[in-house]
Every structure is written in structure tokens, then in C-alpha cells.
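These are the structures, in C-alpha cells.
Shared between the two complexes below is chain A, which has chain B as its partner in the first and chain C in the second.
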Partner chain A sequence: MANKKINKKNIAKLLGDWSKEFELFIPSKDEGIAKFAKWDGKDTSFLDWHRNTIVPPKAIFFPPVEEMFSFQKDKQSYHIELPSSDGQKQLIFGIRPYDANALTILDKTFKDTYEDPYYLPKRKNTVLVGLGCTKPYDSCFCTSLGGSPTDSANVDLMLTDIGDEFLVEGVTDKGRELMSMSSELEEATEADETRAKETKEATYQKVTRQLDTKDIEEKLLSSFEIQDLWEEIAAKCISCGICTLLCPTCYCFDINDELIKDRGTRFRSWDSCSFPVYTKMPMENPRIEKWRRVRNKVCHKYEFYPMNFDVIACTGCGRCVRQCPVNWDITQTLEKMQAKVQSG
Partner chain B sequence: MAIADISDRRRYLAQGNVYLPHIAIIEKIIDETPGVRTFHFNFKDEKLREEFTFDSGQFGEYSVLGIGEAPFCISSSPTRRDHLEFTAQRVGRLTNALHRLSVGAEIGFRGPYGNSFPLDFLEGKNLVFVGGGIALAPLRSLIWNVIDNRDKYKNIDIIYGARSPADLCFKYDLDAWDKDKSVSMATTVDKGDESWTGREGFVPQVLEQVAPSPDNAVAIVCGPPIMIRFTFPVLGKLGFTPEQIITTLEKRMKCGIGKCGRCNIGNLYVCRDGPVFTYAQIKNFISSEY
Partner chain C sequence: MKDRETEQRLRREAKALLEQGKVDYIIGFETGSLKFTTTPLITKDKDSVDRLIINPFIVNNLSEYLTELKGRVGIVAKGCDNRSIVSLIQDNQVKREDVVILGVPCPGIIDLSKVEGLVGKDRDELDDVTRDGDKVVVTVDGEKKEFPASEVLFDNCLGCEFPTPQEYNILLDESSSLVADKTASRKGIETLEGMPQEQRWDFWEKEFSRCIRCYACRSICPACFCERCFVEESEPQWIAPVPRWQDNLIFQVIRNIHVAGRCTDCGECERACPVNIPLRSLTKEMYDLVDDLYHFKAGMDKEAAPLMTHYETTDPEDFIK
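And then the complex of A and B:
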């Protein structure tokens, strides 16, 4: 199917058509925190932001807190019940290329060994409509990780800003099916295609921060035991965990129970390797020192995850740089590490 | 050691969901030491009771619903299958709740998870078991397993120690192995009391005194991290190569299936890639991360 386009004024109508079929999520502001939320049927203000959400869209598939099952205690016996799932089809509108890439990375963990029965069904029921970025932040470095601000590799349908309109590209069958569900889309002209190409090239050049990922696994392995390096890197970290909680590829979770009288819930919630309690055992804690936790976080993303799944667990979204309260910076950290390894 | 092959274990999923526990019933409780209890249990579901199998070294996630869940190895042997056993020390919220249970109480169980001791690799070899404290639990599953198939293995040496005579776990097993002429047993305590007539000294020191030969031998080690750290160098001195040393590790775990993140040693997850490792697999990381 040939590419199409849509006038920005008609986006609400397009979303309206899709919302008949899908539960629709758009970038939204909840008490000032930008995150994906259910569409209210009219809001398209996010089109003027040119900025990404603070909370990554992983939260739709892997919520900050999620019920795993509930149980009822009857005398000595337990009755266990799974949360009801309506299998509702979902559509995420306006996902950034690097956040979509992050979902492809997360899939590997949730599929590994045992399939995760909460994340994967939601992932399967969801269509991703990407929105190319036009104004990368100074903290963005997606081009260093094989991506681009307008990359369509991990979405079903891709939108690129061409002025008053978006160029609409069908990437997968699911995406092309979406195009046929609305009469708001018009045929794209050759001039539209050219403009989209120009936007893509120009935006790519706007990502100025670079991270050298060459041989990064080997370099991290050889720096693993250099304690003063990691102590220096970790010095200003306050172990608040925000870089991991807001990371689109971080997936660590805790599991806990809540009991009210005889009725209880088991739920999982986002956890962070930045917290000392994360690895705490009754007699020992292998990562009680902060530098060990920082080292684990960095190595997990750029060394251990590639060892297990052949992909770096970072998409260069820059959230960890922007949201850190003490300006800890992953790209500077890796530069420091590389300089140390090179100098021996 | 290969990543555990889970293809034949999926049938134990409750309602198709890997996080859902099966209900099991406590059948017997044994006080091992003042803070350690062994629980005998069986599944409530009769079909599962019949079908359930596991391998020595594997673990389960045990629930007291409303309190939480924690991993413990299955401490009984798969060769003795009229019930299952696990052993827990009373230290935190969950283990305190477990210790408050009586016979007949229901617990949750999911598993078995992780890999297991490589029986094929151990066959035809001299086996040296080195254990400390409550960490005899996973070794015990393997020890009974090899004793029940005694012809397949050569010499069996067991070196086991605890802080004090009162801290020795599985005394009924220690007695049985002591009496078994086909097993050579050395029990030690860090410090004895007035009635103690046996060995005194830390496990690594006793291992050095017993000095088992590394020829055609495999050492299987499990104990608190401090014991493990001091035992590996002694085995090295005795001539055991990193490939000849097998250990089973314990970490804080939640999911048990390689997703929640916290039990990693480098790129390996203790729950998914272990808990059984050769020293060769983990020696790069163990000095600083275990």
C-alpha cells in the first residue's frame, strides 16, 4: 500500500475512527507528569509539545503496580483467582522510535525461558503508531545505538512531520490495516515523500550527543575489577533509582502480598537495582556498597544484556540523563570508563 | 553447565500461569536446630502429586499467601518420592510465618525451577561433598540420590560443619551416613561444647586435613558465602580444577524464572542459569559479587 498523509487538524477525527476499534493511548499530562494515558476523545495538545513523555510507554504493558492474582482464605483452604482480562485491543498513538525499540528489547526478557503471562498478551493486543521526533534534546543519543529519531523499525505505522501534515507509512500488516480504517487519510504525493525524507535527514543531524559503543562489552569486562574507577563514577549517585524506573528498557520488579482480613492480592511493582534492599539477604548483601550497584546497572545494560540477548539494553532516549537529580550522566560515565581502559 | 531445559516442566503451570502457586499441604515438621525447620509437604491436587518430578539441586518458590513468597531448594531426593521436603531458617517475615504453621496447613508452591546437579557428569567419579550449616539442604538431596544409586559412583566423602553442635542440621542423616560403610564422613563444629567429642575447626581447614584426592573426583560445595570463599582456594591447593568444583548458590530472588533481575552474578541469573554452577563459570565475578 502506498504511503498516505493526514492534515494535523484532522488527527482528532483519525483517533476517533480508531477508538471505535481500540482502547487508545496518547501522550498526556497527569499533574504535570507527561505519560501515556487513555484518550479522552478530544485532546490532541501533545502535537504541540515536540517533547517525549517522562514516563515511558513500557508502563502500559508493565504497569508500575500490577495485580498478579487474588486469593480468598476459607478456614484452612485457599482459593486463587486470576485477574479478569478482556483481551481489549489497544493502540498507542505517538510512541517515539526509541521507546518502540525499547519494547522490542523488553520482549526478549519477558519471552525468555518462561513466557510472562501479563506483559506478552498486552503486547500482542497492541498496535504501535510511531511519531517521529523533530526536536531531539541535548541529552538524546539514539543515533549511537543504531536508531534514529524517525526510525520506523519497531512500530506498525509511522508518522513523520512534514509541516501542516504527517506522512503516514504502513510498516506492518497491522499498520496497513489501520490505514484502511479511516477516511481521513489522503494519498501522499511525491513532494510529501521528499519533504519527509528531508525532515528525517535533518532531524538525524540534530542528535549531537554521541556514545562510542565499539567493543563496549569487552571494555566493561576488563574494567569490572577497577574499584576506584567505579567509586569515582558512583560518587554523586544518591541511589534514588529514577534512572532505572524511567528507563524504557528496565524491567526489574518486586513481588509482594497484601492481605485484608481473608482476602488478599499478590502484586508486582517496579523495583530498582539502585536500591540496597534489592539484593539484601538475611546474612549478606552482595551489593551493599553503592559503587557495586552503579557498576551492576551500567554493566547490565551494556555488557550482560548483550551477552544474553545480543542487544544493548539502552536506546539512547536520554531520560536517565534528563531526570537525574544530581546530573549523573551515562554517556560521560562510559567515556570515563573507556578512557581508563585505554590508558590501562 | 547448560541452561536448564524447561521443556518438560511446563505441565506444572497452574492455570497456565507461571506465577500462580499450586496448593500444597504440610504433612510433617521437623525441628533441625532452634531456628531451622524441615517441612514435609505434598500437593493437594492428586494428579499433580502423581506426576510431579524434579532433579536434585532444583528449587521452588514457597508461599504463605498474604505474607509473601521465597525460594528454597527441594531438600529431599527425587529417589524418595512419597513426599517433598524443604528446610527453612527463621529469619524474615516469610520464614517466621512458615515457622508458625502446623501440620495440615496449606502453603503455595511453584516450580521446580533452575538447573540441577549434573548426574551424568558425576557418574563413575569420586564425589567430595563439602557443606556448611543449613546449606546441607541441597547437597542432601544429591547425597541420598547417589546413595540410592550407589553402584554408579566411586568413593563418597562428606565434609560437613556448623557453628556449634546445636547448629548441625539433619542429624538423622548425619547418623545414617556415619553408619553407612560405603560413605566416608567428617563432621565438624567451629567450637564444641562440653558434650562434644567430635572434630573442631572450620570446614575449609577440615577439608585440608581430610585432603581428598582430585583424581577422577568432583567436589560439590554448598555453604554460607564466607565458607564458599575460603573453600575454593583449599580445593585449588588440593589440585581440583575450576571445572571439577560444583557449587549451588543462593541469592535474593523474587520471580525464580530470570525476569525480576536481582539474583544475577554478571550476566548469569542464579535462578535461570543456576543455582548449580561450576567454579569455572563464576570465578570472574564471585570474588566481588558473591
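And then the complex of A and C:
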């Protein structure tokens, strides 16, 4: 199917058409911070704001807290009930390329390693409509990780800002199906295509933060035992959970039961290897010292994940850099590490 | 520029401290990796001290690191940080002789979120933000805009009672000229106090629904120095360690009681919160209550017993019903 376009004035009608079929999420600042929220049927404020959300859309698939099952003691055994799933089809409108890429990265764990029964059904029921960033933050570095602010690789349908309109590209069958669900879309002209191409190139140049990722896996491996390097890197970290909980590719969770008399519920909730109490529940935390925890976070993303899955578990979204209350910066960390390893 | 002079003096003093072996570490600020930001510098290396800076963005309360570092430490401290250090000494967490306090009289720190709100642009889109006496000059797209400092300083800075450190080894400058605005500093609390109880409850439900339990508020707080926090206790379990708003609210209520008489209103918990929960509306209210009821201000006297560890027969009790 050829590319189409939509006038920004008609975007609410387009969303309206889709919302007949899907539960629709948009990037919103309604709840005091930028995050994905259910569409209220009219909000189009995302049109004036093309930047990153604070909470990544992974929260839709892997929420901060989620019921796994409830249980009831029944004489000698337990009766277990799974949470009901309505199989509701979802559409995430305005997901940024690096956050869509993060879902592909998360799939390696939640789909390829084992089949996570909570994440996967939601993932399968969801279509992703991407919207390119036009104003990357100074913390963004997605271009260093093979991405770009307008990359369509991991979405179903991709929108690119071309002024008063968006160019609409169908990427997958699911995405092309979306195009046929609304009469608001018009045929794109050659001039529209050219403008979209220019926008993509121009936005690419706006990402100024750079990270050299060449051989980074091997370099990290050789840095592993250099304790004073990692101590220096970790010094200012305060071991909070911001950089990991808000990282679109982090997936660690904790499990807790809540029991009232004979009934109970099991929850899972976001956890972080930055916390001193991480994995305390089954045993001890093998990483008591802070530098080991910081090293683990960096290595998990840039060494272990590539070793296991052939892909770096970082999309360069920059959240960890921008939200960190002490401005610990993963790009500076990796630069420092590389300099140290190279100098021997 | 005044900051430049203070900065030069700081570098000289810090270098001397390290060279003469008077301290093992220096904790100060250096330029951060994002526009206008500063970041903590913790170093043993006397050449690194040339990276130390003083400017209107040195926001972190560095006393947070004192309980973690072993040895003697030279530390850069603004007024509120200075009181946190004294409070840690009162609580036997830090020994006075182990810290060399490099006091910085503080004119108030610029809250970039307020600047963003006023000019309608994010911080990385601004050309420049500078302090000029009781004004702050923001340059956007080449155009200069002036704001009264009281509109762009952090709320807690506006309410600061002791911007100039009282307990120091070296004071890097003369006393500060902070433009305080007590009313503006309590604005959030006043709004809440004006709400009917039910509406206030709804307000906190909405705010605490966003909490993700990153514990940044606790990790960044110098008064939260417990090695084991009640949050992670499982026998008994005080609150569920999952981010549900009711548990999130109780977490903050208990944390507030634990830091009562220790909290210096440094504002770090609210600033660190990634989801913008107005935590200072709770901590500042507690700070004022402690002052009203017990005439106690945290971190003012290193010899004084911590508020929560002692009592006097004249202590008020009429609020216990």
C-alpha cells in the first residue's frame, strides 16, 4: 500500500475511528508528568510536544505492579485463580522509535527466553503507531545505537511530521490494516515523501550526544576486574531505582504475597539491581558494594545482553541520564571505561 | 563575577586540604552532562579539584555521601546542607573532626522547572540562565528575559532561614543575600490547607498513584540514614513493597515521622522524585510543626540531643487526643 498522509487538524477523527476497535493510549501530560495514558476522546496536546515521556510505554505491557493470581486456602490445598484477561485490543499512538525498539529488546526476555503469560498477551494484542521525535533532548543518543528519532523499524505504522500534516507509512500488515480503517487518510504525494525524507535527515542531525559502541562488549569484559575504575564511576550514585525502573529495557521484578486470613494475592512489581536489597528475598544480594551494582547495570545492558541476544539492551532514550538526581551518565561512564581499557 | 572568586578560593582550599593530608576526600560540585546541570564530584585526586564549581545550580545536598565515605572528608556545604551535616553529627552518624566544612553562603538555587514553566521551553532549549542580584536573566532564542529571583528559585530556598552556614571550617564568601519569600515557599501547603478534607484525600490519592517506588526520595535524603528501612522489613511488614497509592502514602507518612527534627527542608526528596510528587508539602509541614510545637530546628547545634531521642516535661501534648 502506498504511503498516506493526515492533516493534523483531523487527527482526533482518526483516533476516534481507531478507538472504536482499540483501547487507545497517547503520550499525555495530564497526570502531572509525561507518560502514556488512555485517550479521553479529545486530547491532541501531543501535537505540540514531540519529546520523550518520563515513564516509558513498557508500563503498559509490564506495569509497575501487577496481580499474578489470587489464592484461597481450601482445607489442605490452595485454590488458585488467575486474573481475568479481557483480551482487549490496544493501540499505542505516538510511541517513539527508541521505545518501540525497547519492546523488541524486551521480547528477547519475555518471549524468546520463556513465554511470560502476563507480558505476551498484551504485546500480541497491541498495535504500535510510531511518531518520530522532532526535538530530541540533549540526553538522547539513539543514533549511537543504530536507531534514529524517526526510525520505523519496530512499529506497525509510522508517522512523520511534515508541517501541517503527518506522512503515514504502513510498516506491517497490522499497520496497513489500520490505514484502511479510517477515511481521514489521503494519498501522499511525491512532495510529501520528499519532505518526510528531509525531516528525517534533519532530525537525525539534531541528536548530538554520541557514544562509541564499537567492541563495547569486549571492552567491558576486560574492565570487569578493574575495581578502582568502577568505584570511581559509582561514587556519586545513590542507589535509587530511577535509572532502571524508568529504563524501557529493564525488566527485573519482585514478587510479593499479600495474605489476609485464608485469602491472598500474589503481585509482581518493578525491581532494580541498584537496590541494596535486590534478591535479598531468596538469598543474599551478591552485590553488596555499590560499585558492583553499578557495574552490573552497565554490563547487563552493554555486555550480557549482547552476549545472550546479540543486541545491546539500551536504546539511547536518555531517561537514565535525564532523570538521575545526581546526573550519573551512562555515556560518560562508558567513555571513561573505554579510555581506561585502551590505556591499559 | 562573585561565583568565580568563590570557586577559585574553593579550589585552592580543597587542593591544600588534600595536599596536606588533612582530608582523604573532597566532595563538591562539577559541571554536569546536561545543560545547566551540576553533578557531585567525589575525589581523592588533588588535580581533580580544578573541576570544582560554584554556580546558581549547585543543587544536591552533598551531606548525603558522608555516612558512606570512610575517612576524613572536605565537603562543600550550602546553608541547608550544612544543617544536615550538623544533624548527622547530632545523630552520631558523622564525627565533627572527620569533616572539614567548606561553607558556601547560598543566594538560593535556580529551579529549572520553574524557568521552563515561565518561558514555555525545556532547559536544553534555553541559551542561558544567569543570576544577577535579585533577578534571573533567561536568554531564549537570543532574547533576554528578566524574572525576579523569587519566581525562579526553589520553593525551599525561598523559605530558607539560614542560607549562610553556621558550622564551618572555612567560609568561602561573605554572608549571602537571599531573597526569601516565606509565603511563596508555603504556597503548595496553603493550597492544600484550603481544601476540604475529602478533596485533599483525593489530591493525595492522585499524586501517590504515580509513585513507582524508586525510593529516590529516601536514597537522596541525608536524614534517611538507616541501614535497614522499615519499608523492607517483612516481619512485621509495615507496608506492602508494591507501588499502590495507599501503601505509597503510608510510606511517606512514616518516612516523614522518621525524619522529623532531622529534615532541614533541603528539598532534595521532592526534586529527586521522577514523577513530580509534591513531597515537600509533607516535609515542610512537618518541619514547621516541629518548630511550632518543640521550638526545634534541625541541625542548628551539634551538641543538642536529636528531637526524637529526648523529651522535656514542658513538651506540648495537647495535640494527643
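We take it that the second predicted complex is superposed on the first by the 330 of 344 C-alpha atoms of A that agree within 3 Å, B and C clash if a C-alpha of one lies under 4 Å from a C-alpha of the other, contacts with A are read in each partner's own complex, and residues count from 1 in each chain.
Basically, a residue touches a chain if its C-beta (ideal position, glycine included) is under 8 Å from a C-beta of that chain, and two chains touch if they have at least 3 such contacts.
Note that the structure is predicted; figures quoted are calculated from it, not measured.
In the superposition on chain A, contact is made by A:55 with chain C only, not with chain B. Of the two partner chains, chain C is the only one that A:321 touches; chain B does not reach it. When both complexes are overlaid on chain A, the residue A:121 reaches neither chain B nor chain C. Contacts of A:65 after superposition on the shared chain: chain C is touched, whereas chain B is not.
Legend: residue contacts after superposition of the two complexes on their common chain; A:146 is shown touching neither chain B nor chain C. Once the two complexes are laid over each other on the shared chain, residue contacts for A:254 go to chain B and to chain C alike. In the superposed model, A:32 lies in contact with chain C only, and not with chain B.
Shared contact residues on chain A (touching chain B in one structure, chain C in the other): 254, 256, 258, 280. Those residues of chain C whose C-beta lies close enough to touch chain A in the complex are 32-35, 37-42, 60, 64-65, 68, 122, 124-125, 206-207, 209-210, 212-216, 218-220, 232, 240-244, 268, 271-272, 274-276. Partner chain C is touched in their complex by these residues of chain A: 31-33, 51, 54-55, 64-65, 135, 137-139, 235-236, 238-242, 245-246, 254, 256, 258, 267, 269-270, 272, 275, 277, 280, 290, 321-323, 325-329, 331-332. Chain A makes touch with chain B in their complex at residues 68-69, 71, 73, 76-78, 80, 82, 109-110, 112-117, 221, 224-225, 251-259, 264, 266, 268, 271, 273, 278-284, 286-287, 292, 296, 299-300, 303-305, 307-308. Across the interface of their complex, chain A is touched by residues 3-4, 6, 14-21, 23, 63, 65-69, 89, 91-92, 104-106, 108, 224-225, 250-252, 254-255, 257-262, 264, 266-267, 272, 284-285, 288-290 of chain B.
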